[in-house]
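Each of the next two complexes has chain A plus one more chain, namely chain B in the first and chain C in the second.
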Partner chain A sequence: MARVLGIRLLRLVATLFAVTFLSFLMTSLLPGDPAVAVLGVEGIQNEELLLEVREELGLNEPLPVRYANWLGRAVTGDLGESYINRGVPVAQTIQERIPVTAQLAVMAIVIAILLAIPLGVLGAYKESRWPDTFSSAFAQVALSVPNFITGIFLIWLFSVTLRWLPASNWTRLSDGVWGNFKTAIMPATALAMTQMAIFSRLVRSDMIATLQENFVLAAKAKGLTDRFILLRHALRPSSLSLMTILGINFGALLGGTVVIETLFAIPGLGFRLINAISQRDIMVIQGITVFIAVVYVVVNTLVDLLYAVVDPRIRRS
Partner chain B sequence: MSDPTLISPLADVGVPTAAAALDAAPSRSRFAWFTDMPRLVKVSAVWLMLVVFGAIYAKLDESVFGGALPLQDPNLQTNNFDVNTGEFGTGEPLEGISFNHWLGTDAIARDTFSRLVHGAWVSLIVAGVSAAFGVIIGGFIGSLVGYIRGRLETVAMAVIDVILAFPALVLLLALVSVFEVRSLGLISFVIGVLSIPAYTRVARANSLAISNREFVLAAQAIGTRRRQILFREIIPNVLPTLLAYAMVAAAFVVVVEGSLSFLGLSVQLPQSTWGNMINQARRDIKANIAQVLWPSLALTLTVLALNQVGDYFQRRSAVRQSSL
Partner chain C sequence: MSERLDGRLARLLAALMAFALLGAACGGSDDGDAAPADEETAAEESEGDAAEEEVAEAGDEAEGDVDTEIEEETGDRVSGGELAVGLEAELPGMRPWEDTCASACYNIFITIYDKLMESTETGQYEPWLLESIEPNEDFTQWVGTLRSGITFHNGVELTAQSLVDMFAIQQTGSQSQSQIAASNLATVDATGDLEVTYGLSQPNSAFPAYLSRAQLGMVFEPGAAADPDAFNAAPVGTGPFAFESRDLDNETIVVRNADYWGTDANGTQLPYLDKISFRPIPDEGTRLDATLSGTTQVAHTLRQNTIRDARTERDGGAEITLFEFQGSNVGGGMFNVLVPPFDDVRVRKALVHLTPQDQVIEALGGTGISLPGSQWFSPDSPWYSEAAAAAWPQFDFEAGKALLEEYVNDPERSDGKAVGEKIEYELSCPPDPTLIAAMQVGFEVATSTELVDINLTNYDQQTHINYALGAENGFVGSHGAHCWRFSDDNDPSVTINPAFAPPTAEIAEAAGIPDVVSPLNFANYFDGDVFQAAVGATRTDNFEERKALYEAINLKLAEDVPLWYSGYTATALITDASVQGLVSWELPSGTLGQGMPNAEGRWHQVWIG
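Entry: the complex of A and B
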């Protein structure tokens, strides 16, 4: 176990280096002079000031040195300042917005699992009969509808037609749980649908395999009810693939929050990223990209490790 | 004679011929790949062909025939003042379905059907380019490193792991933000390059399995050169799986381009894409949901169809692999 842990951690560090370097490289290649972006119109005329700011931003150093400097500051939580909103540290922006995005992602995963398990178990239990056909078809369709389309039609149904839920005006969790829930439920559901489809297919196929096992036969022979066998005996061994895919799909979920936050005007990381892109605010783009990539890589490693803890076969190898 | 595969010149008179015997063999018709499909897959394939046809038709109309083909100008605001006739157009914004405008008009009175068909071109090119990049470059790298192994494989796979360590859409957004002018060529290129790693993984996994097959060992035993083994034995056997994967990957790419368009970061206006049509129409969602519905339906059906056809070919190539 210690060796597995060591290798995983080593790989994690290597990947983190590569990911941060790639993000740094990408944003360093942006056309346009950051010094001009900092100074605005006056900078273009004042050559001396321009040189000064370039020196101050460390733009005269060679790229590897700039990366090392940037990384040194980044690990202490200093991701630089926004070029557009002068004086606002990128780290502060991320800190303010991360709870919102995290809440959306967690809610989406919870909704997806809550819907996927019954659907998948039903499909496996009634394999090849109409409930299975129905749940598989539902999963197929849910898999193919892009999340922003789900989002728009949810808005149309619940905000425009029924007037039950607000389509924008995000309410923070600290400003009231119920108000927050009302603004969060639609975007979270829109995010969850694709994941739900993937999860339910996995649960179904794993469950079909588990139901062939001897211990299920033994449980049947003992006279346990189908319901008890399905939920108490078969569900846990059938949820291993679900856990791996949870880690892998976390990235897709983070990508999804960008689109969904824009659609619902939610003040999360994704919406900020889109704003930064349209304002060409390089430091913010860089900071958020690096942050999301690092979170994604770390979460994936954690899920890998968790998987090893749950499944003894992997722990030993 | 309802079964077309039995039609043979001599079959009617009951003379057993070699041709008739051949005709009765499992892969009888030239269209067997199509007629053998389950009904849902068949419908999906027809829809995909329609989309491809529409996209090419629209592009031909625009660039070769200069709008002479029977399809309305996607960017004409049909309520505008016409200088030549001195009259206002007869169209209105947000019309419903009519004979003049099959799917109605958008918020500035442009013909939705025409915009939809022109939007198909963007999806087609993005999906096609990414599949070409993936199959040709990713397929080659994957087959190569899966066959020759060694340090090259370690390096290649490490690079790919790093690229795949980014959430795809976020990486794409960061890359796209570098460019101020976003043409269709640029968007397809960036998405195409980002598609390579996933294809490489699939190709490598298959190449690894095929490299241990008897026929590869046999070829090695008779002293065939490695380059020849790669091109004659490995790649031809990796290709079917890769092409099946390309369909499923195309479904993902169409959604990614749709999301990018929806965010206003894909191909620039006035070029219509399904994503930007949805984004523009969602502002008038209170007045007219239909304008959101049509591009949404086109996008969803295309993704669904690609998934169906892709799954079908993946199942088939998996069967063929196991009997290889």
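Entry: the complex of A and C
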């Protein structure tokens, strides 16, 4: 186990190095001068001012030097300061936004699981009959519709038409749980739909396989109820694939909230990232990209390790 | 609603595609548009009995088929209440001297900071926080007197010395520095407790206009600003509202300044509202939906598509009001006149003749919203010139083709190609779907002459600006033809002077004005007469004289066509029916203010009816 952990950690470090270097390279190669973004078009009255700002931002240094400087600080937790929101550390920006994006991702995963397991189990239990056809069709539609379209539909239905929920922005948990729930539920649902479709398909196919296993036949022979067999005996072994995909998708959700956060004007990592890209706020782009990459890699490493814990065959191999 | 849903989906898909391009090709995109033209009219005009509260404005309809909105504000003005305002973007920071401030930002700044001067309905400037201001004979010195008894939100008294201390900070600010240079401001001295003297290095009769802008005109507490980061987190001004909190990307809250100096015509203390929450909502559809659903009471927009959607909703029974404004900001583009073939006026004029302006406006979604552009000023501007409008080259396929043929068959053609060979050039715009559609219109017509090959390109806003700026090659820029926007509703000198000053040191040297170089001359067009007229207009404060000079500039632009125009820019504040006072606000003198140019509201006299 220690060896597995060691190898995983080494891979983690190598992956993070590659991610930071590539993201630094790509953001630095983006056309568009951050100094121009800082000054705005009106502010560029003379070349000296432009050069001064570039110097102030350290943009006159060669790329490798800038990367080395950044990496040196990043390993100590200092991700630099925003070029645009001057004086605001990138780490603080990330720290303020993690709770929002993480809450959305967690809510989306929970909603997805709550919908996916009954649908998947139902599909497997009633394989090739109308409930299976219905659940498959529902999953197919959910998978096909991009989440921003779901979001627009939800806004139209629950905000504009029914006036039940606010169309935009975010109420922080500290300002009220109910208010927070009202601002979070639509974006979380929009995010959840695609996940739900993937999860339900996985549960269905795994469970169909599980239901053919001898121990299920034995349980049936013992006269246990279908419900008991499905939920107590078949669901757990049918969840291994789901667990793996949960880890991968949670990481992806953290980076994949960009469109939904922008649509609903939610102050999470994705919304900030979009603003930073349009403003050429390289330090923020870099910081958020690296953070998402770290979460993604760490979560997947943890899932791999957890997988080994849950399944003794993997541990032994 | 379904039509609007379709539109939203199309725009979102386009935005996603653009975003994907950004990531994939580093050539990127965002939904910004440094260039496009969205247009509208809502010239509100009051018959102007200043003592009368209820204002029925918006009298004059601009000509053309634009559906000019007429708003009426009736009923008693009521103190109290809260507003939530959806803005198109988050502001970069809270420091007027340091942070860029566009329309969304201005809506917040104007609640916290008073300006020294303010613009009136007729585009003139009157004192606001100043009580008076007078120039010397040659406009190199301006003496202003502040209102007495005014305090900042932190209790510090506003004096002339405050303005002197502000100037020290402004001289270091990335935004203020450029305005100090542009306005010729050299010194600020306290010549009395409340008297301040501005010394200019060159005459500038339009100097008060700069005191109405964020960078030099918005008054902040210099003591608090000594720590810029702390100030950014808790800004202090003298404005009608005091800063309460800011949750970046989510909400900025300002609350009523109980000690505000301003009163309305009845002596009621301003502001009327208790609290305003400004919320950045970048998606146009969501911002409008937020107002339709009651999540916010106001939606801010600079997009004609949103104005059209809001009109549809209103006409369908939604209880909303559109406070529209057709400003002088005009869409279109520019030719880089230092780059062949655009160094030849025949090519430039030909391409303007080959641009069906109405079809371009239609492609931009501006039919019935945006008036065709012909000059630097909209028909609602006091500076508008009928002569310049008449002189602007109209769509004329045969005339355009003839000019192109003349160039193509000229053995001395500037692009060095063989006689008869097609002209080649790049037309570049930001990747806004409507702009792409408009580009296609121009492309189809121009290429149908079989005399030109056009390479259409799209770059995100920052890249677009960079290519136009061309800092890497002496501010010449690498572009050929480039979408852009021009002008605004400030004094004309603010945008015209930097736009037509020598673009490079070599050109400045040749013109005998080596110290005057402007990177903001994006078209690289320099004409001695235009430059002299622009300078001349800052040497007199006689309106008719100034107007004649700006007319001469626009006539010369119609002759030399370094630019082309699509339509004027429509903006709007879309509110629920209870929001009043956006067009009827007055200056301390009782003069009617400018309304909400560029969707910038003056919130101190807004009330909930």
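To be clear about the criterion, the second predicted complex is superposed on the first by the 277 of 317 C-alpha atoms of A that agree within 3 Å, B and C clash if a C-alpha of one lies under 4 Å from a C-alpha of the other, contacts with A are read in each partner's own complex, and residues count from 1 in each chain.
Definition applied: a residue touches a chain if its C-beta (ideal position, glycine included) is under 8 Å from a C-beta of that chain, and two chains touch if they have at least 3 such contacts.
All figures in this text were calculated on a predicted structure; none of them were measured in a lab.
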First, second, both or neither for A:Ala293, with chain B first and chain C second: first
Touching partner for A:Val259 - first (chain B), second (chain C), both, neither: both
First (chain B), second (chain C), both or neither touched by A:Glu96: second
Touching partner for A:Ile152 - first (chain B), second (chain C), both, neither: both
Contacts of A:Arg280 with chain B and chain C, given as first, second, both or neither: both
Chain B versus chain C as contact partner of A:Leu22, first or second or both or neither: first
Per-residue contact with chain A, leading partner among chain C and chain B: C
Partner chain in contact with A:Val141 - chain B first, chain C second, else both or neither: first
Which superposed partner A:Glu47 touches (first chain B, second chain C, both, neither): second
Partner chain in contact with A:Val160 - chain B first, chain C second, else both or neither: both
Those residues of chain A which chain B touches in one complex and chain C touches in the other: 26, 29-31, 146, 148-149, 152-153, 155-156, 160, 258-259, 262-263, 274, 277-278, 280
Chain B residues within the chain A interface of the complex: 161-163, 165-171, 173-178, 180, 251, 255, 258-259, 262-265, 278, 282, 285-286, 289, 292, 296, 299-300, 303-304, 307-308
Contact set on chain C toward chain A in their complex: 1, 5, 8-9, 12, 16, 19, 22, 26-28, 30, 32, 34, 86, 89-90, 92-93, 98-100, 102, 174-175, 177-179, 181-182, 228-229, 232, 247-251, 279-283, 285-287, 289-290, 292-296, 459-463, 465-467, 469, 471, 475, 498, 517-520
Residue ranges of chain A in contact with chain C within the complex: 26, 29-33, 36-47, 49-50, 53, 84-88, 93, 96, 146, 148-149, 152-153, 155-156, 159-160, 163, 166-170, 172, 258-259, 262-267, 271-272, 274-275, 277-280
Complex interface listing, chain A residues touching chain B: 15, 18-19, 22-23, 26-27, 29-31, 140-141, 143-146, 148-149, 152-153, 155-156, 160, 251-252, 254-256, 258-259, 262-263, 273-274, 276-278, 280, 285, 289, 292-293, 296-297, 300
